[in-house]
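Shared chain: chain A. Partners: chain B in the first complex, chain C in the second.
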Partner chain A sequence: MSDLTPVAILALAAVGAVAVACLETLVAGLRPAPIGATRQALAGLREPISHPRTYDSWLFHLAPGLLLVAALSALAMVPWAPGFRGIELETGAILFPAALAYVTPAVFMAGWGGGSPLAVIGGFRFIALMLGYAMPIAMVATAVAAPVGSLRPAAIVDLQGTTVPMALAQPYSLALWVPAVMAVALLPPFDVATARGELGGGAFERYTGLEAALIALARRVLLLAVAGMTAALFLSGWHGPWLPDWLWMAVKTAAVATLMLYAGRRMPRLEIERLLTLAWKVAVPGAIAAIVLAGGTTLLFYV
Partner chain B sequence: MVLSTRPRAALIVPDELSWTVWGTDPAERGLTPASAPEYARGLLVPEVVPAALAGPLVAALARVPQRPLVIADSGPNVTGSHVAELLGRSAQGSGDHHDSQHDHGDHGEHGHDMMAIVGDPSADGLVMEPVELELGPLSSSLPGGLIASLRLDGDLVVSCELRSTLVTGNGRGAVDPLAPVAWAVAATVATELADGTHPAPATAWRRIAAVELERAVSHLAWLRSVGRLLGWDQLVACAQRTLQPLLEARRDAGLAATPRGPGAGADARDLAVAAKRAGKLTGLLEGSRLAARARGRGRLASGTAPAGPNGRAAGALRDARDDDPFYRALGFEPVGGHEGDVEARVLVRAREAVASVALVTDALARAAAGRGWSEGPGFASPAGAAVEGPRGPVLASSPGAGAAPLVVAPGAAATAAAAAAAATDQEWSVALLTLVSFDLSGWQVPG
Partner chain C sequence: MSDLTTALVFWPAGVLMLVTALYVFITSSMARAGLLLLAALALEGLLFLALASEFLGVLMLLMMSAEMVIMVFFMVMFMPDPGGLMGMDMVHDKRRSAGAAVVVGLLLAVVAVLTDWPAQVLPPDAPDVRAIGFEVMGRSMFSFLFAGMAILFTMVGGIMVAKQGGRYGVQAPAGEVR
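== the complex of A and B ==
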């Protein structure tokens, strides 16, 4: 990690957030306007912090910052190209879910601090959701790391470059991973904590001005991070013919982000009870089975 | 594919459905309803705001973060405050609204120590502090003017009461702004029956076309709002695409509540496009995605059979159009369901929208051909006039020549009571979906 890496990650977050905003509009069938989106984001960041009457002012005002820190930390774990990643650790694949775990207190602080009943319900819903979905994320990360014998994300990418993508080797892991990271990234149809229709914005209901802009930025960085890590862990990351490494990673990340956004538009929001049932009866046992299967696959084909 | 620009989130007074029924679809103005005043960047408001909504509007404007783009348009013919005066009041209050905002919030406050766990155990054995919540009268998923007073135990709705701040539409010369055509036709027919006059055949067919077009527009706009509640963008887009040609046809035919177009005659191509898209929309709703969210939810209590589409969704196939000779000539068949749950209510309205578009096409063709009918006047019943509106029957009777007819929507209050009962003891999102699924009119629920 060079001295410039944090700056590069911040720049990636800024550019990536604008790109995600453009993808959102494109997926919605609208005309993307990158300049307009950038202007709007900058205008939001220049707005003053509002002071609505809240239940716990400290928690309320700290939450957007914590959410952004969690999103940036997750983004820094993603191996974007050979030699370019924010934090290179031997346990990066496990630290990624650990960084995502900080989204949970951020959302709960926002909801509880905001204090309206619907905001509080949103906060509690997210805690319940993450209790169920955080474990499958970590267990699936372990499963895809098994054939490599390393939790270093770049090593997982490199192995896929010489064998097959994990999406083919462990499709069941991908099927568990995608919904779980979509839930963490507050994406429809898993956005039960911040539902605009039924909770009026839920945990983020009362934010305006700078803090609303920070939350919008954090959510887009979160989507960028989970899409990037999905591309890295399951789609061979930067490996591919003809195109430069970074471009392959960008294309795969954009494709994953587009599919996640598109899937969210195609179905109604799921009920919290159904989501929790899926988590505890399908995702958690499925993730345990994925580890076992990954062990078997490793012994048969990778050792 | 032509891509449009991103719509502006707006505070829409009283609500999106009302404006669409009145002939000004907010989407055509590039506006989409903001789910909370904090997200609003625009304001669509009638030039005269109903008196009951003036206070809530000023309170909501205090929560709008920046000066919104204001679009004031002609709305229903009601008494109230002029929008300029309300905006002036809002601007005067903006200097100190940091202290006062949310005092009138739509979503309530817990405002007290939520850690104090006292009281009786809930159904799940936990002792929870109940939370009182008031939803509406503006900027909620409910129709404008409607207030739901809810008591939550955790996220379980343990009690629900509905009331409206708007003036009830029942009475002499009354019109429900959410179904202005049905109410106006009922009053006109009642007057004609009292006077012993009959309309020309073309007029009778055009009335049917107008009533059915209003039903189709109302149902589709309602389906769009259901899509917004469910966070189902595909449903919102499908309903929007179906509404566009219908609203065009409505304007061209001069059948809107407030005609704006040249009145050059309905565009049959618009109706054909709408029919095709309505069929696709119904296909989407008949799939498993709606069923996963709505099947078995918000079922009507046994013995409850409200009037209109909500009753038909529960198997009570009562429809004022059944015995109408004009409708019989058009081959009308009532649409019904059996389960009486949210899914059935959604599907009945989607299928009724499809049927209504077909009826409009046929009725306008007969009107253009000048084909008459000799079995009797349309919309007549033993008690006077009976029009099946988008939310149920509208009955009108005239005491005599020169007197304003009495127009009522029997069963509206019972429907509201049934909705409140069906939403009770449901998880929050199910309860809200249940309330919305009854398509209540804020002008008909008792205050």
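== the complex of A and C ==
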């Protein structure tokens, strides 16, 4: 970690958020206008922030910052190119779920602090769903690390360069991982906490001005982080023929992000009861089974 | 990390941890208490990271976030004390528990100061590290699993006792009109 790392991460977040916003308009079938959209977003900053008259409004004002910190920390764990790594720790693959785990309190604080009934319901929904996404993310991170024998994301990428991508070696892990990270990134069809048509914005209902902009930024950084980590852990990251390392990673991340956004546009939002049933009866046992399967695969093919 | 960075993270995080932990018992809002406890435990994870105990720190940050958020959920569900109207208190049996806390805290401090802590860092493949790994994953695993299952059954049982009759409510006893 060099002294420039924080600057690089912030720059990546700023550029990446605009790129994700352009992807969103593209997936929606519109022509992206990054300059106009940025200008509009900056104009929105001049709007005053709202002050809900609740006793826990300090939680309301703390939540956007916590959400952004969690998203930026997750972004910093992603191995973007062989030399470029934000926070490089031996336990990076576990630190990524740890960073994402702080999205849950942030959404709850936003809902609870906002105080309106729909916002509180949104926050509670996100907690109720938590085991459904937190368990698969942490378990799958361990499952893809098992053949590598290291929790360092860069080591997981490099093993896929010499063998096969994890998407082929552990398709069950990928099947658990993608819905889970989409749920934590508050993407439809799993966006029950912020359901726009149903809860009218849910946990983020009351935010305006700077705080709304922070949340919009954090959500895009979050999508960038989970798409990048998916590309790194499952699609062999920067490995590929002809193109330079960083370009491969950018292409794969963009492809994953596009597919996630497209899936959200094509599928109706899942009803909370049905989603909880899926989370508890499929995702959680599936995550435990994935660990066992990954252990078997490791012993059979990698050791 | 250099000594200066360690000190710059350790002392402010340590003080903030104690303050948040204290406020857990002062506030009467369950949501606030749970989130303050989360803050205290996350800061404790930072302390581990500052002391170069990387895995423990990361695990603390990961597990405590999930656990404390679940606890907020349960505490708001089962211990609603709107605006302190019910006179509920976070502390029970005040005098004796304060005495026990002071005695235990002093004992731990004495142990921490007087123990001759080993200074050298072991490599990952040292025989001691291997032995701990085999102990944890072998013989001790049964007690860990048992403890985990006990906690899970307690949680499920607690909800079932508290919410007898299941999700559709309790049927009125024979003869009673509701």
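The definition used in the following text is that the second predicted complex is superposed on the first by the 290 of 303 C-alpha atoms of A that agree within 3 Å, B and C clash if a C-alpha of one lies under 4 Å from a C-alpha of the other, contacts with A are read in each partner's own complex, and residues count from 1 in each chain.
Here is the rule we use: a residue touches a chain if its C-beta (ideal position, glycine included) is under 8 Å from a C-beta of that chain, and two chains touch if they have at least 3 such contacts.
Being a predicted model, the structure only gives us computed values, none of them experimental.
Applying the stated contact rule after C-alpha superposition, one finds that A:Y207 touches chain B and leaves chain C untouched.
In the superposition on chain A, A:Y55 makes contact with both chain B and chain C. Taking chain B and chain C in turn and counting the residues of chain A each one touches, the greater count comes from B. When the two complexes are overlaid on their common chain A, residue A:A33 makes contact with chain B while staying clear of chain C.
When the shared chain is aligned, chain B and chain C each come close enough to touch A:F124. Once chain A of one complex is fitted onto chain A of the other, the partner contacts of A:A134 are limited to chain C, with no touch recorded for chain B. By the touch criterion defined above, A:Y102 lies against chain C but remains apart from chain B after alignment on the C-alpha atoms of chain A. Comparing the two interfaces of chain A, the one with chain B and the one with chain C have residues 55, 124 in common.
Every residue of chain C that touches chain A in the complex is listed here, in rising order: 29, 31-32, 35, 38, 42, 54-55, 58-59, 61-62, 65-66, 68-70, 72-73.
Touching chain A in their complex are the following residues of chain B: 1, 3-6, 35-36, 38-39, 63, 65-66, 98-99, 101-103, 105-111, 114, 131, 133, 139-141, 152, 155, 227-235, 237, 289-290, 292-293, 427-430, 432-433. Interface residues of chain A facing chain B in the complex, by the touch rule stated above, are 25-26, 28-33, 47, 50-53, 55, 115-121, 124-125, 188-189, 191-192, 195-198, 200-201, 205-209, 212, 264-274.
Those residues of chain A lying in contact with chain C across their complex are 55-56, 59, 89-91, 94-95, 97-98, 101-102, 104-105, 108-109, 112, 124, 127-128, 130-131, 134, 138.
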